[in-house]
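One chain, subunit A, links the two complexes that follow: it is found with subunit B in the first and with subunit C in the second.
Now for the complex of A and B:
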């Protein structure tokens, strides 16, 4: 119970540590929106393992590097060979790298929400000024931003490289902008799907497995069905329209459809035929609908969790 | 793990200075409920509960499922009442929930700490979630963790903490934004007797030194009667009793005494019992069938003089007094009428001895 301990100082002056007792806080209390922003930045940093243990930095950082390295190589090749165009379109890049993106969502969505559920930290948030909607919005925005960083960074590498290689400025800028819109949509969609799945299990492992399963199984079955439809349409039995409609049933083909209809992308669908403009509208509506639905589901989920 | 007591004279004075104006601004009632009810499809958690709680440390006692946690949720504005109304710090819980939550701290009953971050990081984050700017959040975190008795360990991940240390972190996150009132839900749960006493001392200081009013729940009345100024007992969602602590303690204090043996008195326990008998004090049999329990004497303290008597008797016999402590009472004892058979109360005390002795 040593209350006042004289501190040994060389000069022998009167420095002492005084027991200052409890001090009240009279400073500002910044309220709900500040708290929401704090939760957003903490979650965004957490999505790259910042402010967390070294171990949890490894995977997100690794995936980030894996996303950017191919872009850097392409740029290097384009500059070296003085190519007239980049090997891969801006809009195509995320589709090609979808496995990496899926892995990232699967690993980070559960760490963002399942941890709070598992360790029952959620009541501590809701006993503070923020409301359910603030929590959901902060978490949603944080994961979407993290995904946008992951998917936009390689596009930036491509763009800067393209300018260094003195490719056509207007053309490249247009492609880059289209790519950014596309990955923004993709980030929102994937973040929503990942968070909804993760918020239903307090176990991180289940969350990871479930997100990977949903993303890969939906993509796998959609592309298989599309391949079958494509083969049949080549035989003259079906129509290529079926391919477009099937594409609605997996997140990545959904984004593919949106960008090939409206963002000047070449479709990755079998046969290289994307949805028509009319079908494209359905794609856009469904994408936006899914994003809204995942927000709604998260709200419902957290209203129940409460304290 | 000793509690770091900093309550020297100066601190106490400062605490008073600080509490002065706050009390002045504050309404006399910290919490007020008016025929507050909460019904779920199958159970009635609160049944027309009307109670007023003033500043200070208030215990909310009830068996598990008596409606304590439900009441706290309603008071935090997180769960609407089925009927009736409630006010916290003069604010209506139905409409001013967010404002209440800014001025109130909450320590949940269950675990709520992520194991992979340090106490400092966690509490800083929680301070910011309460609206404190970053610099203030860090400063308040360091202060608060020191006040609850966490020092060097606060930089280590919480996963490696003992139950007592975790409880301190939970308490710190409830206090970090300097609330006017804290709700502590079963803060002594899972602690060993020493940890319990430390925590109870800390709770007392939250009011005396920090000037923050406390509503603390427990299913053990005994541990609250030494900590609280006022005790509210609820059962089945109904108010059973609301009174100042002294009313409870005066009728129910039981002393436990343990003495050493000497060459003159090979059985010191018996010698004390006989000596007390000779002076007209009834000694209850403390042997509850546990080994060693026979060495504990239980007697009902009538007041100050009983303590003096025990001291004199033990000193006269030349024995060593190993312990003389107040026994904790289980909530059920409050409802044991004084005119009921002594056998029953002996039974209750025996259970108590089994529960806490040894």
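Now for the complex of A and C:
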């Protein structure tokens, strides 16, 4: 703007500063917690494509529908045939639909964090009152809530359906509550793993592939090894304890182990034998440890970012 | 039809920096698991067949195929740097063909080779199982790379759609609906493997003739259509 070089002013009385009406902001400052809450709600909406383009609504909504439709069909069958029990346990549902859940995490975790890295908006967030911990907490909580919505909605459908079919109220409520606890753990675990992996790559595509690879390959190898260990123990050589210990190495079998040890679920492990109570404690500790570790890793990742 | 410079660039985009390590982690895991199984359970044809069929062919090959196939062109279209490539006097079908060759090569090296090694570790190629699954992985690599390369030019959510096909369609629907198996790269390649193995360890739901015809048609059509898509590529802004 230095178009006119100010000529050396000899007579000081001619210089003046014009007041052109700039005003300081004196409204309410909404502060750090408000900014964190906004980031949380925006991320949560973004995880279902709300407030984004139509194209990016398609996939999360589709996965949501795919999650709920089998539950609705089961309920319809149970009501029509006057069955005495639901075809699938509340706790089992997420295990059965794990491919859909994995796809959802894989597609939405990079959407949540990779794009901020790629378009270098993270420094802009941190120029606001929020701190590293707020950003990490908001993103983590948003993805975990989105996952909880995805996994709890079909359970709700099952529960309402079960009550409509006049199944036993106490029994169903207990099962429903156990299912909710298990999907809450699952949501936290999956959100943590997905975000940690996604936060290390600014490329969305690569993040998706990395998350899905970690989730499916670990499950694939664990279930293969368990099947082999099961066949061995049937031959009378190995011990069935090996099956439980192998299950520690993939997220979905981890959740399966926790819920079959403490939440009254029947295990999806080969042979149908879940971990015992002692082993179950290890499962719970490892699950909580993984959640805490992914939070810690995220904090470390965002300590200095894009600077 | 083949441009060495494009090939070099694609190769570096796929394997440059730390990406080769990440891609290499999956095959390494397969080999580690096979060593574990061999040590713990000994050599067994059924186990070898289960592991190679369930883990290598059903999970690893499609995932490597998705990463290599979409990674060969997807990121370039995504960040817009493909314009610089398209503005060069290189025919676009040539670009596609070259990228396809690189994607196929990468998929084969990172999936078929470890399958072969794992097969030998598991049961020393008893009943031709290692060779059969290696052939299946090689055949599947070609088809997967072509399909996912096409997806990479069609959509910016190519990785997701590729994974939906590989995991939901082939694994989930394939096990529930018999008809879905006819339209599955995995089953086509298994048909070829069945012919190689000759025994009843490797089975497919699709006949050999159908499988080879479908494999060839899908590969050729996908490559051709990807070339057409690249000819009329419009660069959309970020959503």
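What we mean here is this: the second predicted complex is superposed on the first by the 280 of 307 C-alpha atoms of A that agree within 3 Å, B and C clash if a C-alpha of one lies under 4 Å from a C-alpha of the other, contacts with A are read in each partner's own complex, and residues count from 1 in each chain.
By definition in this document, a residue touches a chain if its C-beta (ideal position, glycine included) is under 8 Å from a C-beta of that chain, and two chains touch if they have at least 3 such contacts.
No experiment lies behind these values; they were computed from the predicted model shown.
Once the two complexes are overlaid on the shared chain, A:128 sits against subunit B while remaining clear of subunit C. By the document's definition of touching, of the two partners only subunit B reaches A:23; subunit C does not. Using the contact criterion defined above for the overlaid structures, shared-chain residue A:266 touches neither subunit B nor subunit C, since it reaches no partner. Applying the stated contact rule after C-alpha superposition, one finds that A:42 touches subunit B and leaves subunit C untouched. Judged by the touch definition given at the top, the superposed model places A:53 against both subunit B and subunit C. Annotation: subunit A residues 52-53, 56, 119 touch subunit B in one complex and subunit C in the other. Looking at the complex, you find that subunit A touches subunit B at residues 1, 3, 19, 21-25, 27-32, 34-35, 38-39, 42, 51-53, 56, 115-116, 119-121, 123-131, 306-307. The touching residues of subunit C, when paired with subunit A in their complex, are 19, 22, 26, 29-30, 33, 36-37, 40-41, 47, 50-51, 54-55, 58-60, 63, 66-67, 70-71, 74-75, 78, 157-160, 163-164, 167-168, 171-172, 238-239. Only residues 4-6, 8, 10-11, 14-15, 18, 73, 76, 78-79, 98, 101-102, 104-106, 108, 110-117, 121, 125-126, 128-133, 136, 140, 143, 147, 157, 173, 177-178, 209-211 of subunit B touch subunit A when the two sit together in their complex. Per the touch definition, subunit A reaches subunit C in the complex via residues 52-53, 55-56, 59, 99-100, 102-103, 106-107, 119, 203-206, 208-210, 212-213, 216-217, 220-221, 224-225, 227-229, 231-232, 238.
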